[in-house]
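Below is one structure; the comments refer to it alone.
The first chain written gets the first letter, and so on, giving A, B, C, D and E; residue counts start at 1 in each chain.
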Amino acid sequence: MAEATTTNPATTLLQVSNIEVIYDHVILVLKGVSLSVPEGGIVALLGANGAGKSTTLKAISNLLRAERGDVTKGSIEYKGQRIDGLTPNDLVKRGVIQVMEGRHVFGHLTVEENVMTGAYTRNDGAAAIRDDLDLVYRYFPRLKERRRSVAGYTSGGEQQMTAIGRALMSRPKMILLDEPSMGLAPQLVEEIFEIVKRLNEQEKVSFLLAEQNTNIALRYAKYGYILENGRVVMDGDATALAANEDVKEFYLGLSGTKRKSYREVKHYRRRKRWLS
Amino acid sequence: MTQQSGRKIGGPLLKVQGISLSFGGVKALSDVSFEIRQHEILAIIGPNGAGKSSMLNVINGFYHPQSGTVTYKGATRKQMQPHEAAEQGIARTFQNIALFKGMSTLDNIMSGRLLKMKVNFFLQALYWGPAQREEIAHREVVERIIDFLEIQAIRKTPVGKLPYGLQKRVELGRALAAEPDLLLLDEPMAGMNVEEKEDMCRFVLDVNEEFGTTIALIEHDMGVVMDISDRVVVLDYGRKIADGVPDEVRANKDVIDAYLGVSH
Amino acid sequence: MLYREAGQFKASYAADQAIFPIAQDRVLMAILLVVAAVVVPLTATQYLYTAILIPSLILALAAIGLNILTGYCGQVSLGTGGFMAVGAYTAYNLFIRVPELNLLLVLLAAGAMAALVGVIFGIPSLRIKGFYLAVATLAAQFFLDWVFARVPWLYNYSPSGSVGVPDLYVFGFPVITPTQRYLFILAIVALMALVAKNLVRSSVGRAWMAIRDMDIAAEIIGIRPLQTKLSAFAVSSFYAGVSGALWAFLHLKSWEPAAFDINRSFSLLFMIIIGGLGSILGSFIGAAFILLVPIFLNQVPPALGIPLSTATISHLEFMIFGALIIFFLIVEPHGLARLWQIGKEKLRLWPFPH
Amino acid sequence: PAWAQANEQFMPVLVYRTGPYAVNGIPFADGYSDYLNMLNERDGGINGVKLVIEECETGYATDRGVECYERLKGKGPTGAALFNPLSTGITYALMDRAPVDKIPVITMGYGRTEAADGSVVPWAFPILGTYWSAADIAMNYISKEVGGVAKLKGKRIALVYHDSPYGKEPIPVLRKLAQDYGFRFDELPVTHPGVEQKATWLQIRQNRPDYVLLWGWGVMNSTSIKEAAAVNFPRERMVGVWWSGAEPDVRPGGDQSKGYKALALHTTGSGATAHEDIRRFVYDRGKGKGKREEIGEVLYNRGMMNAVLATEAIRTAQERYGKKPLTGEQVRWGIENLNITEARIQDLGLVGMMRPVKLSCSDHEGGSRARVHQWDGQKWVILTDWIEANQKMLRPMVEAAAKKYGEEKKITARDCAKTS
Amino acid sequence: MELQDLYFLIEVIIGGLMAGVLYSLVALGFVLIFKASGVFNFAQGAMVLFAALPVVRLIEWGVPVWAAIAAAAAIMIGLAFVIERTVLRPLVNQEGIILFMATLGVTFLLEGLAQQIWGSEVYRLDIGIPTDPLFLGEILVNGFDISVAVAAGLLVAALIAFFQTTKVGRALRAVADDHQAAQSVGIPLNHIWIIVWSIAGLVALIAGIVWGSKLGVQFAMTFVALKALPVLILGGFTSIPGAIVGGLIVGAGEKLSEVYLGPIIGGGLENWFAYMLAMVVLLFRPQGLFGEKIIERV
């Protein structure tokens, strides 16, 4: 079972301690989740549908209130300070930004306007913002082609790029990425993770990413947590996790070292070993 | 659901010919032709914005292409209305889940059977006799789908509150409820982990095998595509760049350049 | 665990699809009906009947109608008052021109005519959506108001444009005293509420909700948007029409077009939002809330012996009413009916917090 | 219970002190309550029966009015003595209820014209003037202005009216007069609440009527006067009904209202003895409802007059039924047999303010007379003597209308020859 | 008489346009709030009353005109803070219809409060704009209307400039699309809301002063809000120029219909004419003349 992650040598940037989240005053979703992200780390949050990954991220970025959810227990600290009471705006100013699952682009704004909204909190001048816009276009050339299109009409993948580009515009220190790879073509998925890596290495941006594509997530992350049913059921170094038999079977789709063909999998739902 | 044992890929069920579609300056599709054969699983792949979803929209009548024709079950037409497509047995799921958020899982799937419900309005108002019998008959079918998809536990939950992956499954359930001849799936496995993808693949394969439903699916996970599809159509910038069995496509130079990248 | 459903197993789909699948709800409903039909008539005062029960029941009926259109089918309408007027004036004209007609048939015809007019004004809904549609339905409201003020035949050439009806009978039974009127209205409203409930839980209702939640997806699964929307307009207006006829014949007895003016439409919309969009129960709660709370607030200070001027009291009434609306929306945006449901949920789990 | 024995007469007062018509509702309600209070303070009520006043806010809305009525009708030891709804819509609704509950409704200068025929409508009393009378009086005045009825021929008269039963009531009479005298009659409805009248006045500017009759209430009145100024229609050639001729109607227009004329059911001014008493017994004791300066304004006086009629009716009934709290039915008899003579007016301290009035079983109006007054920028100036409505022409119309009303409501008329 | 008729037609049109300007002023308040937060603010009419009453009462009490207006402006800004805090913040991310309902609560509150504090009678407001009729040749126009039209024009120009040239403008539109996503990129909803509600309050103040000078300040002002509705759908909920053009069209259209059609089919039709007109336009352009396109994509 997951114990407090004191084994991490680097200083902790984000520390989530034992939080509980309730939606609508009745639905208990997170039942005491603790995790930490070290300065300059890339931490993956893995788990099945409905495990509570998105909820965890929203609890950190304080977007829960908008969905009538509440953190009822536990604390969240960023750089040693509690941030549970801050507004999302404050958090973005401090460098914490979330890329929401399901894209959430501003449908009536053009792609470029969408990306530019990400720079709302900045006041380091138009030129710097312009440079960053160019950078985003360099990361996602497709966006440049579609910059004048109304975002609501763009394709799923284009919207996903828009959402990520938008977040990058705020020059964050810590990005909460919720399913970045969803709906992206394989090539682009690789590219996105390369961008993550580059930002992490060059700009010292830390990442907490919720990702279903365990394979790639564990490849780029340094540390991982596995969430089931609102609880952390396993955590460890990415390499260790990737080597774990259960993870291999359920999250990586490997039997032994060989990938199983989807055609071959005959049984439907199998019992999770750590839950039984 | 009529059971059809075994599965033999037959002649073309649907054929698109010379489809071109543009929005203002954006060319979403240009001169695309391919066919979907009876009982097969066809995958449509391609980079983001290539026009895959638009292609499905054309097939089920939501978009009306500027030129080209769609031939379905022998009838050729330039365009049709979405509900006509539905009446002729085309069902689909959506890339950005399009469930009825305020309704429960059960109601969502039941709504997939609307076209099959015939009892008139006044009997329904009284909820009496034939109306109740019909309601229960359909409920039984829907319960079978629910069992099949293993979503019994969320039968009465409003779908807006479900996690993403389950919503996708409910959406598949709604499409299946229509007992379609042609099932169009737009990224049914996006946002799922391997285990869930395995389940989903199983559902897709079973539907295809047991009921003989023809399936066209869009998917970005090459593992899934290569494993379960009989044929693959590749689009790039609105054009078809390849078309063939998975192994052929995987080896195609254009496809590798445009889509797969080096690592695959 | 007062509200426990554990141990109640549904053996058939029929049982699961009953209106009140949980036994406690069935009991509650039965008690409510008994109270409404037996206890009330034995105890109620005239004031309770004429100022509270009768108007709330009639407005609840109109609210159900609007809820079908807005809450279930997602078409926001501000024309309900106009459709009520159609019902009232249709009933009136039938009544004076074909005096031998049974009152029930008159009501039915009132509903049917309103449904027809509703369908006509519903046609633009195919293209116009959301708040745009809401405002466009005001065209119906104002146009109908105008028609009933300007076409003398409709108000039987009464010099003031106001009309009225004498005491009424159904199958020879008088519907005159408050008790008689109340029971008659209760029967109609209960029946129509049941019908509404049946509709919304059957395939018609699912088609409406599908259109509401996502009309494009609905179209793609084979629902014809226009037909579905128009059927919602028709049913909704039918309810409004019957309710309008009841309001005119059994509540006001003499009326003018202003009885069905824009304020009526707005207050009906408020009722269903406060009560709960997409909830039949909510229509009742909402009607009671919007109608009764101001009356109640108005009587509180004098009852407590607080010496406030009438003006102050009514200003306070406005303010508190406004504040209450905001308060309830914050507590539960989906209306009082949803609050009730959450309450039940908590009771079900009680005493465990989750 | 204790109050059952109380020597109190319950007097409900339906008011509107908020909302779009509060402007006119407030002074009226103040006048009504202040007069009743004055009687309590000065005389201890009516012949020792104390008046218990309770206001209920209707907001000028019919359904709220009905609720108020239902709430108040049973209060006090004998129930409500009478109602005074001050709204045509509420009046209509109460007219159906009053006979059942046996509570009379006084609608002084408003309400339903048919009610003037007491044989068909026993429970409603449009004392001192229906709108038909008002229309006739206004036309009578205009005919004098133009130099006789003969001169009306070929003239053009426009009616700008509140598009409600209130505003529509005069139309049949005006149509008939137009036919009889050969003038042209334009009907120009204005929708509630009446702030939008540009088109109306543009039409007036184009049609150039000789006179404009104004049948408005609330903000509509002042708007009409301002719009008239905006299209340069002379205010001197506007004649308002008595509900369109009070201070709140002319004050917002400032100088633009100068010259505007309206019918007056009674005089303005606060010089009568009764006003003195109100100041002395009510305001000096800090019990006034409104502002002291307001006393004597048109609508304040109208409220007072209403109270006078109500209390005099109770007094009349007490003569027959005893000096104790009376039921509505008894009060009804008092109203029907009301006879305020010149001498009584003297006693009441209302000299110069009102004319004698006498009702009967068949005549619930008691004759209708009004004067015309004009706003001089500061105050209302009386222009004419009392003008009497032509009952010879009106009465048959009233009876016909009442007959139709009776048929609609399935009422069999009383035989007034037999009632005492 | 030919020429006379033409002059009259012109007068009707001018009169209608001027009435339209007033509708536009109210519609503008709606548009600002809708555009910036997706809220259909039912309270706009009540805000007009709430803003105008202090002006007129303070002037009555001897406060100089400019100070009274400044005080009212301060009140409206204060109101924006209160509304943000007590209504909008707790209801963030809710559907439009629920926010609409909440603004209805605000309407009742404001109506009660305004009348309680400032009185419920008619008050005359004269801030010195000339109101006499003017003749341009044969044609009668109103001096007051012209001043108002000029003022409205300036106001709109200023607003458009503000929204087009600042980053706040973009943020406003983002908020209207998706509260939660706007929050996620760090747009401070609270500030944005206070800003727009303040501006809408100031627009209400201007509308209140204009209407008040014309009709006296009183409760009936809240009804002008209804007149702004057809203007809104005609112009489009999200367009500032739309509010102006819509207002002009509705104003002119309803006056023309009343004057020329009224005598034929019965007066009072101006009330629904504007709505019918707007509805017909919507059949061809469901988002109104200038509104943003309604996006539908699967």
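In this section, a contact is a pair of C-beta atoms (placed from the backbone, for glycine too) under 8 Å apart; a residue touches a chain by one contact, two chains touch by 3 or more.
Here the structure is a predicted model, which means the values were calculated and not measured.
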Each chain counted as touching chain D and chain E at once: C
Higher-contact pair (C-beta pairs counted), C-E versus A-E: C-E
Cα-centroid distance, chain C relative to chain D, in whole angstrom: 37
Chain B and chain D, separation of their C-alpha mean positions in angstrom: 74
For chain B paired with chain C, centre-to-centre distance based on mean C-alpha positions, whole Å: 41
For chain A paired with chain B, centre-to-centre distance based on mean C-alpha positions, whole Å: 29
Touching two or more other chains - residue numbers and ranges from chain B: 53, 62, 94-96, 98
Multi-chain contact sites of chain D, meaning residues that touch two or more partners: 17-18, 22, 26, 163, 189
Sequence positions of chain A contacting 2 or more other chains: 153
Complex interface listing, chain A residues touching chain E: 61, 63, 65-67, 87-89, 91-93, 97-100, 104-109, 113-114, 116-121, 150, 152-153, 166-167, 169-170
Chain C partner contacts - residues on chain E that touch it in the complex: 40, 86-87, 90-91, 94-98, 100-102, 104-113, 115-116, 120, 226, 229-230, 232-233, 237, 265-266, 268-269, 271-272, 275-276, 278-279, 282-283, 286-288, 294, 296, 298
Residues of chain D touching chain E in the complex: 17-20, 22-23, 26, 163, 186-191, 193-196, 198-200, 202-203, 205-206, 218-219, 222-223, 226, 229-232, 248, 251-252, 254, 256
List of chain E residues in touch with chain D within their complex: 8, 11-12, 15-16, 18-19, 111-112, 115, 120-124, 126, 131, 133, 140, 142, 211, 214-216, 218-221, 223-224, 227, 254-255, 258-259, 262-263, 267-268, 270-271
Residue ranges of chain B in contact with chain A within the complex: 23, 26, 46-50, 53, 95-96, 150, 161-166, 187, 190-199, 201-202, 205, 220-224, 227-228, 259-261, 263-264
